[in-house]
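Below you'll find the structures, each written out as C-alpha cells.
In the two complexes that follow, subunit A is the common piece, with subunit B as its partner first and subunit C second.
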Partner chain A sequence: MSNIPPGLETLDYSFPGHRQAGAFAPVLVGVVGSGNLEVLLEPASGTQCDIHIETSARGFGAIWEAVVRDFHQRHPLAGVQVSVNDMGATPAVVSLRLDQAVSELAP
Partner chain B sequence: MTASISVSYAECSARERLARLVDTGSFHEWLPPSERVTSPHLAQLGVPSAFDDGVAVGRAMLAGRPVFVAAQEGEFMGGGVGEVHGAKLVGLLQRALRDQPDAVLVLAESGGVRLHEANAGLIAVSEVMRALLDVRAAGIPVVVLIGGANGCFGGMGIVARCADWVVMSDMGRLAMSGPEVIEASHGVDEFDARDRALVWRTTGGKHRWLSGDCDVLVEDDVAAFRAAAIAALDASAPVTLERLEGEHALLATRLRLLPDAVDGDEAMALWTRLGVADAARVPDLDVAAVRVLRTS
Partner chain C sequence: MHRTNWNTKAENRAARLARVADALGARRTGKRVATEAVVALLEAALEPGDRVCLEGNNQKQADFLAQALMQMDPQRVHGLHMVQSVLALPEHLDIFENGIASRLDFSFSGPQGARLATLVSAGRIEIGAIHTYLELFARYFVDLTPKVALVAAQAADAQGNLYTGPNTEDTPAIVEATAFSGGIVIAQVNEWVDGATTTLPRVDIPADWVDFVVVAPRPNFIEPLFTRDPAQISEVQVLMAMMAIKGIYAEYGVQRLNHGIGFDTAAIELLLPTYAESLGLKGKICRHWALNPHPALIPAIEAGWVESVHSFGSELGMEDYIRARSDVFFTGRDGSLRSNRAFCQAAGHYACDLFIGSTLQIDLDGNSSTATLGRISGFGGAPNMGADSRGRRHASPTWLKAGREARANRVGAAGTPRGQKLVVQMVETFREHMQPAFVERLDAWTLQEQAGMDLPPIMIYGEDVTHILTEEGIANLLLCRSDAEREQAIRGVAGYTAVGLGRDRRMVENLRDRGVIRRPQDMGIDPREATRNLLAARSMRDLVRASGGLYSPPKRFRNW
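What follows is the complex of A and B.
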C-alpha cells in the first residue's frame, strides 16, 4: 500500500536567471491530457525564474527538480513565471514542452 | 510556402484549429489562460485543471467579417463540459446577442457533460442550449464544426443539433450516447464499442450526411472546414413552427424506414432505404463520392 495521499501535488522552484525576458504576451503550449502537460509562460518582475507545478503524479519531486534544473541551465531566463499543469507526462515530454514554450518567446 | 499542404483538422489541438480557421492573427481571446479561470471542482478530486478549462472563446474575423468563436479541447477531460467551460460558452453566446456578430462558430469536440462536475456540468449544458437557441432566434447563425478525434457526444451532441448549421468531416462523429455508453447499458450484442467500423457507420460524418443530420460533409482538412464556415456565414435558420414540423416529419419517416428486424448491417440497410445505391460501398468511398449520394 502506498502512503502517498490522493490528490494533486504542488511543487515550486525558483532560480536566479540572467537572460532577461522583458515584456511578452503570455505563451501557452501543450494540453492537459493523459501523459501530457500544459506550460504557461508569463512575464514577472525581478530576476528570478519561478516555476510552479501542479501534477496528478505524486511522489516525483526529485525528478521534477532535476528536469527544471536542466531546463534552467539551457534557458537561464530572468523575470519569468512558468506555470505547469501536468497529467503524468514523462520527463522527456516535460523538457520538450518547456523548450517549446521558450521557442515561442524568441523574437 | 507551406500553404498548399493539407493540415488534418482531427490532429490539431483546439487552439491550432482556431488559429488556422479564422483570418490570420484575428483571434482575440476572452478569459485567456493567464486569467486562470479554472474549474473549482477538479483539484478536490486530484485531477489537474487546465488554465482555460478546456475551451477557448473570443472574437475573430472570418473572410473579413466579425464572428465569435469557441473551440473545445478534446484532449482535456475528453472535451467534457464542466461548470466554467459551460459558463464560457454561455457568456460567448449571450455576448453575441448584445454585439451581433455575423455568426458564432463552435468548434465542438466533447464527450458531453464532465462527469466529475455532475449537476454543475448538466446545468451548464442546458444553459448552453438555451443561450444557443436565443442566438439562433435572433437571426445570428450558429455554426457547429465537428471533426475532432473525440467526436461530439452527449449534451454537446444535442447542442450541435440545436444549431443553424452543422459541418462534419468523415472523421467526425455525432451522437447522443457514445459507443461505450451504449455497450455498457445494452450489452455487447447490441453494440460492440470496439468495432470501429460499426462506430463510424452509425455515428460518423458519412452517416450523418446521408441521413441529413449534418449540412456539409468535408475532408479532414482545416482549410476545408474554413471554407465551409465561410460558406455558412449566411446560413441563419431561425426556429419556426414550419421548420420544427419539417424536422419531426423527417425523423418520423426515418423511424419507419427500417423494419424491426434487419438482415445484415443496420446502417447499410438504412442507407439503402434512403435511396443510396450500393450502400455497402459507402465506408470505402472518399468524401467527394459520398457527397453526391445524398438523396434529399
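What follows is the complex of A and C.
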C-alpha cells in the first residue's frame, strides 16, 4: 500500500461468482485521465470476483459499492481480478468501462 | 377631475429633443451625434427616474452606450429604472453602485448573477421582477414601456435607418415599444454610411423610429454562446443522444423543435446524419427548428435533414454559411441572417412540438432549476420553451400523442382531449465534481428564503416536464398517474445519486414493465455502441470541413 500517492482512496470488494472466466489474456480498457478511468481484467484463481479500486475522488465509497454490486449482478464473473484506476469518472462512465471490459472477455 | 392636456408624452419628448439640440450644438448633424459627445447626449436626453431599456442579451451588447451611461453625472441623472433582457457586462451593475440606476426588471443575469445577489442584499438594487424574455418584451407594451431605448446595430445611414446584420435579436421589440409611446431611441453603430454614395445592405429598423445615432469606437461585443466543440462530447452524452433520438424523437415523430444550449443537445444534432440516418428517420423527424445557428447543426443541414431554422440571434462565424444556405435560414434581401428574439420565442412556444434541454437540479416532483445559492440569475427564454403552450389550438401527430398519453383514462376537465408539448429534461445523473443532478430539495427554495422572493426560482415546472432522460434511461412522466408514481419514475432514472439509490426497486420494475421507465436495452440500444465515432463531426475542424469552409469559428475555438 505504500506506493499509493497521498490523496488516493483505495477500495476493495469481493463477490462470489458463478460464471467462470477461465484462462484469458488480460484486458485493459479506458485511460487514466480527468473524468475517466482504466479497467484491467486479469485471470485469478478461485471462484471470486475481486475488485480493487484506486480513485482520486475520496469519499464516494457507498456509490462505488452500489456500482460494483450492480456490475456483478450483470456479470457474475468468477476467477477474475478487476483493477480500477479512477480519475474522478462519474458512475455512468465507470459502469460503461466495466461493461466494455467484460465484452472483450466474451468468446 | 378635468384633464386638459392629453399630450404630455409628446411635449416631454419635444423638450428632450430641444435639450439635446442645445447641449450638443455642432456635435450633432441631424440624427448623427459625434462619438465623443455620447455622455452629453445621454445627460440631455435622460431625466431622473426614467425607465430605460439598455439593449443587451446573451449575445449582442450595446456596450458603448452602457459605458456612456456609467459616465453620466449622477447629480443630473439618477434613480433610473432599468428594463433589460440580460445583465452581462460589469457596467450593467456599476450604474446601480453609483446611484444612476436604482430599480431593475430583467430576464437573465448569467455572468453577473453573484454580484447582483450581493447588491440586492445590500439594498442597492430593487428588483421589480425576473421575467422570461417574452414576458419582459410583453411588459414593454403594457406597464414597463421604456422612455429611452439604447440599442446596438451594425450600421446606420444619414437618415437614421439601422442595419443590424445577422444579430437583429431584441432590437425590433425594444424600438417598437419605445418609438410608439413618445420615447427616445438612441443607437450605437459600428459604421455610418451616407446613404448616397454608400447605402445600407438592408433596413432592419426604419429611420422614422430612431432619434439619435452614435458611431462606437469599436464594434459592439457579441458572445459566441452557442458554439460547442464536438471534441468535448463524451460517450455518455452520445448514449443519451441515441436515447433521445430513438426513444423520443422517433417514438413521437418530432418534426418541429427547439434545442437548449449545451453538449447534450449538440450530441443529438451531430447524431442526425449518422445514427438517426441508420434508423431510417431522415424526413420523419427534425425538419423545422426554432434555434440559433448552432455550428453543430451543420452536418445535419448538409445531409439534407433540415428544411428551416428560425433564430433568436446569430452565432459568430456562421455568417457566410448562413448566407450560402438561404433556403434553410431566414435571410434578408442582402443575404444575411435576420434573427428576431421575440418572434423566435413565440415560435418556440407555439409552433414547436418539443423542447429538450439541460438543467442543474431536478427534484422528486420533476421541478428543475439552474438557480444556485448566492446567485440571482433568471432563466432567459427557457421557461417559455420548456412549457406546455396552453393557448395552442393547432394539432400535430406529436402533440396529440403526448396529449393522449397524459389524458388516457382521465375524466372531466383533466380528461378533455387536447394535445401537449413534449418538454424533455436531459441530464447526466452526476455533473462534474460529482454534483448530483437529482436532489430532494432544489437550492431554489433556499434562494427564495435568502433573497425574499415571492416564489422559488424554478426554471421548468414539474407539471410541464414530460420526459426525464439520463444515462440510465427515460422516465415518461406523461404516463404517471400519481405523485408517488412520478417520484419513483424520477428515482428510477436518477442513477447512483442519493435520490436514485433511494428508489423502491419493486415499484421501479413495475414502472419499467408499463413502459413508464425505459432502459437503453428496452429501446434496443447497446450502451457499448455509444462511441464518439457516431458523431458526424468530432472536432471544430470537422465542422469547418462539413461546411465546405464556410463556417469560420472564433479564434478561441480554433485549436488546430
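Note that the second predicted complex is superposed on the first by the 101 of 107 C-alpha atoms of A that agree within 3 Å, B and C clash if a C-alpha of one lies under 4 Å from a C-alpha of the other, contacts with A are read in each partner's own complex, and residues count from 1 in each chain.
We adopt the following convention: a residue touches a chain if its C-beta (ideal position, glycine included) is under 8 Å from a C-beta of that chain, and two chains touch if they have at least 3 such contacts.
Source: prediction; values computed, not measured.
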Looking at the overlay, does A:87 come into contact with subunit B only (first), subunit C only (second), both, or neither? first
For A:96, using the defined touch cut-off, is the partner it touches subunit B, subunit C, both, or neither? Pick first, second, both or neither. second
Which of the two partners, first being subunit B and second being subunit C, lies in contact with A:40: first, second, both, or neither? first
Quick one: is A:32 in contact with subunit B, with subunit C, with both, or with neither? Answer first, second, both or neither. first
Listed in rising order, subunit C residues that touch subunit A in their complex are 234-236, 239, 428-430, 432-434, 471-472, 495-496, 501, 527-528, 530
Subunit B-facing residues of subunit A, complex: 6-8, 26, 28, 31-33, 36, 38, 40, 42, 54-56, 83, 85-87
Report the residues of subunit A in contact with subunit C in the complex, numbered from low to high. 35, 57, 60, 62-63, 66-67, 88, 90-93, 96, 99-100, 103
The residues of subunit B that touch subunit A in their complex are 13, 15, 32-34, 43, 46-52, 54, 73, 75-76
